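Next, two complexes with chain A in common: one pairs it with chain B, the other with chain C.
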Partner chain A sequence: MEAELKSAYARYLLTLADDEIVIGYRDSEWTGVAPVIEEDVAFSSLAQDEIGHARLYYTLAGKLLGKDPDHLALLRPKDGYYHARLLEDRTTPKYDPAGNHQGGGDWARAIARRFLYDLFDDLRVEGLLASSDPELAGAAEKIRREEKYHLRHGEAWWRTLAEGSVEARERLEAALEAIWPDLLGLFEPAPGEEVLVEAGLIARTTDSLREPWLERVYPYFEAHALPFPGEKAGAEWRLRVEARTGGRQGIHGPGWDELYEEMTMVRRLEPEGTW
Partner chain B sequence: MVRPGVTEAEVWEALKDLTDPEIPTLTLVDLGVIREVEVGEKIVVRFTPTFLGCPAVDRMKQDIEERLSRFGPVEVVIDYAHPWTPERLSERGKLMLSLAGFALPDDLGAEVEEEAPAACPHCGSRATTLINRFGPTACRALGYCNDCRQPFEIFKVV
Partner chain C sequence: MTYEERVEAFRKRIQEGHKVEATDWMPDEYRARLIKFIEMHANSELMGALPERDWILRAPSLHRKLAVTAKIQDEVGHAQLLYRLVEDLGKPREKIFEDLVQGRTKFHNVFHYPTYSWGDVGIIAWLVDGAAVISQGALQRSSYAPYGRTMRRICWEEAFHLKHGEDIVLTAVMGTEKQKRLMQEALERWWEPLMMFHGPPTPPEKDKDLAWGIKTKPNEQLRQEFLSTYVRKIQEIGLKIPDPKLKYDSDKGRWTYTEPDWDKLYAVVTGNGPASKERLSFRRLSLEETAWVRRAILGERAQAA
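And now, the complex of A and B:
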């Protein structure tokens, strides 16, 4: 593989991996504090699946870069992670061993983010099924089968919140309003994606997934008369929201400051440690 | 170097009774996670996990390496290009799962979204409900039998 292609491919794999590890880590925080015990179990499994997918992508990137996947996951500099900003914020209440617990936390936000991200990720992974890298193609097939469970889970909760109590509905609407700019930030491409399309490694660039995603998510809003920040004008969607981007360039917010510290703490203390 | 004269059949024989760390009544061979064995300069075992995030993978790799170390150097390669599917379960594997109390969907090749129904592993009734798509491990879901009123675990069709 020539240098330019190799570097773009490694960067793309890291982007996939970072998205998955970050949402996986954040969703794992629901273990023990979800609204019902079944959801403690479900969110733990969802998180475990995503971190498994991250591990796979880090392994493939590691082969290209000659690096250990754990190193890629946990020992890069803070501005060297390329996940979308949507995924980095905490949605749970925070337990503090010193007793200064932070309450709040928002299940509706966790569900809205997870479901709408999963619908994006499904389209993205669909574009990897015919990859010229047989390992990525095989993995994409497996990932899609696993993610079907995530989508069914997300649909059920979307409906429950939209049609449930007044408070559930209000929280879902508020969460959606808050995350729209970051949802659109998902479509910020990684550098060099065109080269990957030409080489047949991926079928579509990330920004080209925006229209199909809007087509796919709109019916879920329409079915429950949830506010949607735009409408279709001819063949194109006109949205009243601006994307908040930067994540794919390593630019992140306070949610990442907090998460990076916590997620990489053990590994940074003892970089060569094993157990 | 691998000990001279070692055959693939011998390697398979040695792997035969290694079991799944999470479901110890089921062997790895019957589960279908070992795809291929090659004997060359070293022994290469191609392995394909049921779930990509399966936390038992490292343990299984280690078990395989330990078991085969008497033949010579061993490498366990995770084969991402050929993912595991439920059709890889052997007939004996299916029987062992059901004896261990796991329900198996009727149609192992079914698309996940069809929620293939499972018969209750306790009483055989078909009046069952899916309670949770997620269970104690990534590869299991939770069901409930409306006849014998017992919960049970379903082995996922992934």
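And now, the complex of A and C:
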């Protein structure tokens, strides 16, 4: 593989892996504090799946870069992670050993983020099934099998929040309003994606998934008369929201500062050690 | 038959080894003791998720991250199974949580302590779970059959937790000095709570739960089994147990050790442990922040509870 292609491919794989690991980390925080115990268990499973997917992608990236998957996951500099900003914020309360716990747990946001991200990821992974890299194609197939259950879980909760009570619906609407700019940030491409399409490694660039995603998510809003920040004008969607980007360039917010600090804390004690 | 006669017949059946099912008639005292015992067990599984939960984000490799997440998921799953038993016995879940966060019901002493390092994660999964498996193994033969069956499944899963914990500890003690120190310091923090884990050496004839067959082994016997199982393993991997008096007395056929301060245990389990208030206030916060979700999915049932 020539250098330019190899570097673009590694960057793309890291982007995939970082998206999955960050949402996996954030969702794993619901273990022990979810609204009902059944959901502690369910959300934990979803999170474990995502971490497993991240590990597949890190392993592929590691082969290209000559690095160990754990190194890629836990020992890169803070601005060297390329996940979308949508995924990095905490949605659970945070425990403080001195008892000054931070609130802000928001199940509506956790559900809205996960479901709409899953719909995006499903389209993205679909475009990897026919990859010219058989290892990536194989990983995509395995991932897609699991994601089917994630979508079912998300759909059920989406309906519950939209229709379960006035209060739940208001919370869902508020969460959606807050995350729209970051949802659109999902479509910020990694550098060099055109080269990957040319080489047949991926079917579509990330920004080209925006229209199909809008087509796919709109019916879920329409079915429950949830506010949608735009409409279709001819063949194109016109949205009233601006995307907040930067994630794919390593630019992140305070949610990432907090998560990065936590997730690397133990490993940094002995970075080269066996744990 | 009078009530007293029925109770006597029930007691006799239990002593003969008969098991009780949820739908069987049972004395009020038996039901009340079962609820209290199983509820405390369930609360412990749930509250036990909190000290370990802090380390889900901090696990030092992808493999450990997956294992820690799955382990804590198991614990919460155990809470779910056990709460169902309590619900079957007549106490609704909302009431259970209400009593828990108000400090009216208890959870196990070990979950009232803070965690400081990755060492705690290893020691908890290996030795705290190890101590729990010894109790739970004995509970498989509880006179209350649904509890015994649930315990068989739980013990099966706990066996993986011990391996997971032992592997974390072993990997660290074979690592650098810094890693080994994490484990030694954690062992020193956990030894006293571990020695208290099985409760004071109440004489078997005074232990009502034992008399009803809810549990099947006296506290001191469980502690002795714990020591027989783990002391040698701990020493073999080069960790030092912080009790100079600990030794096996072969004449008496039992372990001798520094007597734990049982008043301290009582203070800990009644909500005055080093992290009791913080853990309960966190549980309360998380319940409050998600109350709207339960209202949305349970509708009027949640209102009524």
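Throughout what follows, the second predicted complex is superposed on the first by the 274 of 275 C-alpha atoms of A that agree within 3 Å, B and C clash if a C-alpha of one lies under 4 Å from a C-alpha of the other, contacts with A are read in each partner's own complex, and residues count from 1 in each chain.
Please note the rule applied: contacts are C-beta pairs under 8 Å (C-beta built on N, C-alpha and C of every residue); 3 or more make two chains touch, one makes a residue touch a chain.
Because the structure is predicted, anything quoted here is derived from the model rather than measured.
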For this session: Determine, for the superposed arrangement built on chain A, whether chain B and chain C clash or fit.
Result: fit
Problem set entry | Contacts of A:Ala168 with chain B and chain C, given as first, second, both or neither | second
Problem set entry | Most chain A residues touched (candidates chain B, chain C) | C
Exercise. Looking at the overlay, what does A:Glu29 touch: chain B (first), chain C (second), both, or neither?
Worked result: second
For this session: Would you sort A:Arg55 into first (chain B), second (chain C), both or neither based on which partner it touches?
Result: both
For this session: Would you check which partner chain A:Arg145 touches, where first means chain B only, second means chain C only, and both and neither mean what they say?
Result: first
Exercise. After superposition on the shared chain, which partner residues are touched by A:Pro134: those of chain B (first), chain C (second), both, or neither?
Worked result: first
Problem set entry | Touched partner set for A:Ala98, first chain B, second chain C, both or neither | second
Problem set entry | chain B versus chain C as contact partner of A:Trp107, first or second or both or neither | second
For this session: May I ask you to decide whether A:Glu38 touches chain B, chain C, both, or neither, giving the answer as first, second, both or neither?
Result: both
For this session: Using the superposition on chain A described above, determine whether A:Lys78 touches chain B (first), chain C (second), both, or neither.
Result: neither
Problem set entry | Distance in angstrom between the closest Cα atoms of chain C and chain B, superposition on A | 5
Exercise. Common interface residues of chain A with chain B and chain C?
Worked result: 38, 41, 44-45, 48, 51-52, 55
Problem set entry | chain C contact footprint on chain A (complex, rising order) | 25, 28-29, 31-38, 40-41, 44-45, 47-48, 51-52, 54-55, 58, 69-70, 73-74, 92-93, 95-99, 101, 103-107, 160-161, 164-165, 167-168, 171, 259, 262-263, 265-267, 269-270, 273-275
For this session: Please name which positions on chain C make contact with chain A in the complex.
Result: 46, 49-50, 53-66, 69-70, 72-73, 76-77, 79-80, 83, 114, 117-118, 171-172, 174-176, 178-179, 182, 275, 277-278, 281-282, 285-286, 289-290, 292-297, 299
Exercise. Inside the complex, what are the residues of chain B that reach chain A?
Worked result: 51-55, 78-85, 111-113, 115, 131-136, 138, 142, 156, 158
Seminar exercise, completed: Seen from chain A, its contact residues with chain B in the complex are 38, 41-42, 44-46, 48-53, 55-56, 59-60, 134-139, 141-143, 145-146, 148-149, 151-153
